[in-house]
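If you scroll down you'll find the structure; I have some questions about it.
By written order: A, B, C and D. Residues from 1 in each chain.
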Amino acid sequence: MGMDDAWLLPAVPAAAFAALLLFGKYLPRKGDWLAIGAIAASFALFIPVLADLLDEVGREGFAGVVSGTDWVEFDTFNLRLGFMVDQLAIVMLAVVTFVSTLIEIYSVGYMKGDPRYGWFFTAMTLFVTAMITLVLADNLLLLYVAWEGVGFCSYLLIGFWHERRSAAEAAKKAFITTRIGDVGLLIGIILLWREAGTFSIREIIEFAQDGGYSAEYLTTAVLFVFAGAVGKSAQFPLHVWLPDAMEGPTPVSALIHAATMVVAGVYLVARMMPLFVVADPVALDVVTAIGLTTVMLSATMAIVATDIKRVVAYSTMNSLGLMMVALGAHSVTAALFYLFVHGFFKALLFMGAGSVIHGTERQEVWELGGLARKMPLTALAFAVGTLAMIGIFPFSGFWAKDEIVNVAADELAWIVVAFLVFSIFLTAVYMTRLYLLVFTGRPRDDHAHEHAHEAPPVMSLPVLVLAALAVIAGFWAFDQVGRALGFPGGIGEFVFLDEAQEFAFPVVAAISSSLAAVGGMAFAYALWFGEAEQARQLGERFRPLYKLWKNRYYFDDAYQWAINNLVLVGGNVIAWFDRNVVNDTGVDGSAGLAVFSGFQMKFSQTGRLPNYALAIVMGVIILAIVFLAVRV
Amino acid sequence: MDWAVFATIAVPAGTAGLLMAIPSRHRDVVRYVALMSGSSLFILSLIIFGKYQFDDGGYAFELQLDWLGNVAFLGEKGITYHLAVDGIAAPLVLLTGIVIFAGVFMSWNIEYRNKDFFILLFLMVGGVYGVFESVDLFFLFFFYELAVLPMYLLIAVWGSSTDFGTFVRTKEYGAMKLVLYLVAGSVLIFIAIFATFVEAGQGSFDLPVLGSVTYGENFQKTFFPFFMLGFGVLAGLWPFHTWSPDGHVAAPTAVSMLHAGVLMKLGAFGILRVGMSLFPEGAAFWAPVLMTLGVTGALYGAISAMAQRDLKYMVGYSSVSHMGYVLMGLATMNEIGINGAVLQMFAHGVMTALMFAMVGAIYDQAHARDMTIFGGLSRNMPRHASYWAVAGLSSLGLPGLAGFVAEFHIFVGTFQADYIWAGALGILAAAITATYILRMLAFAFFGPFNERWASLKEMRIGEQFGGAVLIFFIAFMGMWPMPFVDRIAATVSRLPGIT
Amino acid sequence: MIPIQHFLVLSSILFSLGIYGVLARRSAVLILMSVELMLQAVSINFIAFAVYLAPEEFTGLIFAIFVITVAAAEVGLALAIVLRIYRNKATANVDEVDIMKW
Amino acid sequence: MTYEEGIFYVVAGMTVIGALGVVVARNVVHSALFLILALVAVAGLFLLLSAEFLAIVQVLIYGGAVTILILFAMMLTRVRDVPQALDGPQRPFAAMAAAAFLSVTILAVVGTDWEALGATEKINVIPIEALGDVLFRNWAVPFELASLVLIVALIGAIVLARGEEGE
């Protein structure tokens, strides 16, 4: 068992998926044990792969191990089912396999009693298969296959309760929005293939580094690829699907829309980072700009959001934007570090929110409140998640976020850094607000409050494990910790773009971001603690701003308007054109012309013998003339 | 096994004859005879597909019987009954077997003159097999007509009219338009066949003989459009596509399945087998036009489908869209693209057959096809909904299902042939496909359950089985396309003028 | 010494007059008479060719005999038809009989 | 001008006058009489062409039977009783067509090199015995068929002309 056998990681859940799909109904407990077992097996298999990689990683020039087989090949065209294990994939795999195992266990409690309980686990297993494949893919085609696969699972799971119109619509919206990005991704992939003649990520990168692409061509191609990442990672302007995706069951939100699938975009950009570096700097500037825009949009929208899951969803967008900014500063290390810890604390936040929803069957924050007494474990875990998200020392988020601020300060313009620090303040504001409204103060809905109860152990145990990780995962930044675990050092010496970097504590960044974070918390505390009167007054005073944020900058409205007035109208115009112009005018028209001319021409049939006779004679004369002319 | 190819034509013809002998009151006997014949065709097709040796991509199962020779303008091998299968035909033969097999199940409940229905259906199937397997232009044309003409009666007698409120599209209109269009196409084909025959001067209609001649460049440029348009009409070439939605909608379920699933492929197959293999230079000259029309069809069909409310019209327009991809693939003139085109023929065949089957299954019960009046049907008809979903997802190009493999090859081929704009628009059309498929699913199957349809039940077991066969092949090709690619690529690489 | 052209020209004139009669006359009987003129012209041609071009074979003469035979049959039938039309439509003018149209 | 040619011109003149009379006469009976003139003149031409047998047949069948039939038809259809225009509105076109035809055929006649085709200078006399011999030896079957045609035509004419029962 080593890196060559990495194909087993997706193969085990794939087999479980096939079994569940065909026989799930007949298995005891609808086969949830099979799903969990398969994913746990995946995680178990991940450990020897990791150990193998750690043995190899120190070697000079190590750049991952490729294995796999041909899927389609003829002549020189070759599509591979190929897997590549390297540091980047390992970090991603750790998050995917571990978090999904925990979330599947959590789901046993959360989904209990649902009429489609078995189907939930079937779809989740398919998702894990696709996600692991995405991470391990050694070529862009397989990556695209898995990419679409996770998107499809996301569609299935957002629309899990598809009897609700809103869920069905949200699922559709998510799929189509990400699909728009995927159009770009596929174009980008084929553009890269067109010159390099291979889909292999490594060969494409080598081809680019050898100067195989012209700068404009490569920039265009990577920007198309980036479009895919924008869609999947809910970046501006394709971010609108993520908040709506909260219609899915909470474990789905935790796994797909926080820890794994949405970071696939970040992962993709990190994978292709050498191409971005070779390409025109404009490409990375675009990444930074989009990431930063997303950060600011989501942080502001989160302040006025009232649905507990939506707030967490905005915080996810916020985090994804941060990672994109890190990538814009071409720091794979910072992005991946944040991705790693984010997987834990964001899943934790969602699962905490899930426990709240499960316990109270409410998700509007204004109907909750004072839950800390009723659900102490959940409150504790949520607090850990919140602090990690805000980035308070020494929680994991602190280290990762500071790394990003640090690289941004090194590589990007000061204005970016300023915005980043401001976003940290905003993050602190909305996360604290969420916590205060949900867990402290007076219960606003007595009925819900009375019924509230702590989640069963099968749910709270995974939450606690994640809480512990959310506290400590950030220490991987330290070389000592990394070495103790068997890594060559901290994350900076494990995952990097060009050369390993030792961890250096960024004092200035840490202080400024901590100040912003604490300031934000204090601000939120002042506004929302207790009856939140001040917050209401502030909202009244800045009414337009409040409305702008509340209506999500009118993006959804604008898109809906565009769909209604441009897309659907365009469709109707084309359909009208087809029916009336092409068919009724062109087709039926030519048929009508034939009928009409036939009708007119029939009058030349007078029925009078002399006329016909004259015609015959004329014909004879003409034939005779022709004959004579030809003979002469 | 050389008899297998002959049998695929003899069995439908024999079935038609046998059915004529059965008194029409024995409806069940008719059904079982049809089922027997459909199953044997399915097995025969599997045998042909499986046994085809793809090493060199040449003709296999060859059978050549003299028919007319040394008469008038005909030479030694003037017109021969020459059957053979190559790597392009093999998947399409398999497709025909699959679709007729499933089609018999979908036609099980036809009560009105079901004997005559099956007679015509099997005549048509015999014609389809004949086109895929004929290597003699005369018989290819003969079978082509045989495949098209029964359609008129099938639609006009067993079809259904559509009321749009302000106007009605009658089944007679659909039938008439379809047949007139296709016959007009065959006129062009006929002219081009004779022109080729005369130009070649070999006194033979045999394709290998005709293919051994090099035609002048101007001749090729003049006569390739005849094949391109003539066969293209049947392949739904924009703007000669309007017979397709109206005809498919008017047709009964099994006929829609066969027509959209298989007959439209005859057109694309004809362009490839006759037009491009005889006139490579002509094809290269006209490829940009074909590419433009193909892309236009792909986008236009997808956008039109988005505006449809009638389920069957949506599927009809999606056929136009997907056949546009096939034409794009052909127009690339490179191996990847043409492989993709043939793959897409197969993929589109099974998935569109499945879609039409599902429309038929719901129409039989609800007598309605307007997607907006349904809602939440997945509660009572979960299998039906999931079959729809598989067909739809395949058509929007979800990896793991047949559509993706085919479309991906086409896009790659298009980019390789430097039609970057066309490839990008094609990918965009695939995204639009996602829009209308998901819109349909959301309207009809998801959302709150509409109590008006409380009486709807799950599909009959036969329909489920027929659909499952189609789904199996959709998934099979999506997961493991090599058996298809091997066969197709071996033959495509032998075509002249392919880069 | 009459050259063949004389006969041929004469037959042309006869035939053209026949054409004129067929096209210009209204009465079916008169048209039939004009047709007879044309047949005469043909007969003259046949015989002239036979006599001038191939005196050893008699094909032209024999054809002329057949022409006369068939013409006799034709006149009999045609006049019967004319009588029939006259009885039904009370006219023998061909331009008044035009139901075979559209 | 030889004496042969003189006869030819006389007979040809009579033929043309007769034919012209047929197509332009203002009276149908005159037309019929002109027809007789033309037919008899053609018989004369046949004699000139040394086809005595055909000349006799011509006089018997055309001069006798056919003209009588036509006169009968005129009587039965009472064409002459009703005063009406004998020519249709198409007459100018008819004249033009006839003229065009005439010019084309004369052009053909004049433009052909008859000597090259093997035409003899003078009329070759055809012995009537030989003609009979060939007619009844080589052409016996068509000859019998021709009589069959006549019989059929006769029966057809009777059926057509007799009218329906009770009429």
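The rule is short, and it goes like this: a contact is a pair of C-beta atoms (placed from the backbone, for glycine too) under 8 Å apart; a residue touches a chain by one contact, two chains touch by 3 or more.
A quick note: this is a predicted structure, and the numbers were derived from the prediction, not measured.
K.L.:
Determine which two chains are connected by the greatest number of contacting C-beta pairs.
P.N.:
C-D
K.L.:
Taking each chain's centre as the average of its Cα atoms, which is closest to the average over all protein Cα atoms shown?
P.N.:
B
K.L.:
Suppose each chain is reduced to the average of its Cα coordinates; what separation in Å results between chain B and chain D?
P.N.:
That pair's centroid distance is 67 Å.
K.L.:
In angstrom, rounded to a whole number, how far apart do the mean CA points of chain B and chain C lie?
P.N.:
61
K.L.:
Averaging only over C-alpha atoms, locate the centres of chain C and chain D and give their separation in whole Å.
P.N.:
Averaging C-alpha atoms per chain gives centres 6 Å apart.
K.L.:
Chain A to chain C: how many Å between their CA centres?
P.N.:
The computed centroid separation for chain A versus chain C comes out at 95 Å.
K.L.:
Would you pick out the residues of chain C that each touch at least 2 other chains?
P.N.:
Correct list: 19, 22-24, 26, 95.
K.L.:
Among all residues of chain B, which ones touch two or more of the remaining chains?
P.N.:
Within chain B, no residue contacts more than one other chain.
K.L.:
Residue numbers in chain A touching 2 or more other chains?
P.N.:
610, 614, 617
K.L.:
State the interface residues of chain B toward chain A in the complex, per the touch definition above.
P.N.:
177, 180-181, 239, 242-243, 246, 300, 303-304, 306-308, 335-336, 339, 376, 378-379, 393, 396-400, 404-405, 408, 411-412, 415-416, 420, 423-424, 427-428, 430-431, 434-435, 438-439, 441-442, 445-449, 481-482, 485-486, 489, 493
K.L.:
Considering only the defined contacts, which chain D positions touch chain C in the complex?
P.N.:
Touching chain C: residues 2, 4-5, 8, 12, 15-16, 19-20, 22-23, 28, 31-32, 35, 38-39, 42, 45-46, 48-51, 53-54, 57-58, 61-62, 65-66, 69-70, 72-74, 76-77, 79, 84-91, 93-95, 97-99, 101-102, 105-106, 109-110, 114, 117-124, 126, 130-131, 134-135, 139, 142, 146-147, 149-150, 152-154, 156-158, 160-161, 163, 167 of chain D.
K.L.:
Which residues of chain A touch chain D once you look at their complex with the stated criterion?
P.N.:
610-611, 614, 617-618, 620-621, 624-625, 628, 632
K.L.:
Under the definition above, what is the set of chain A residues touching chain C in their complex?
P.N.:
602-603, 605-610, 613-614, 617
K.L.:
In the complex, go through chain C and note every residue touching chain A.
P.N.:
Contacts found on chain C: 19, 22-24, 26, 31, 94-95, 97-102.
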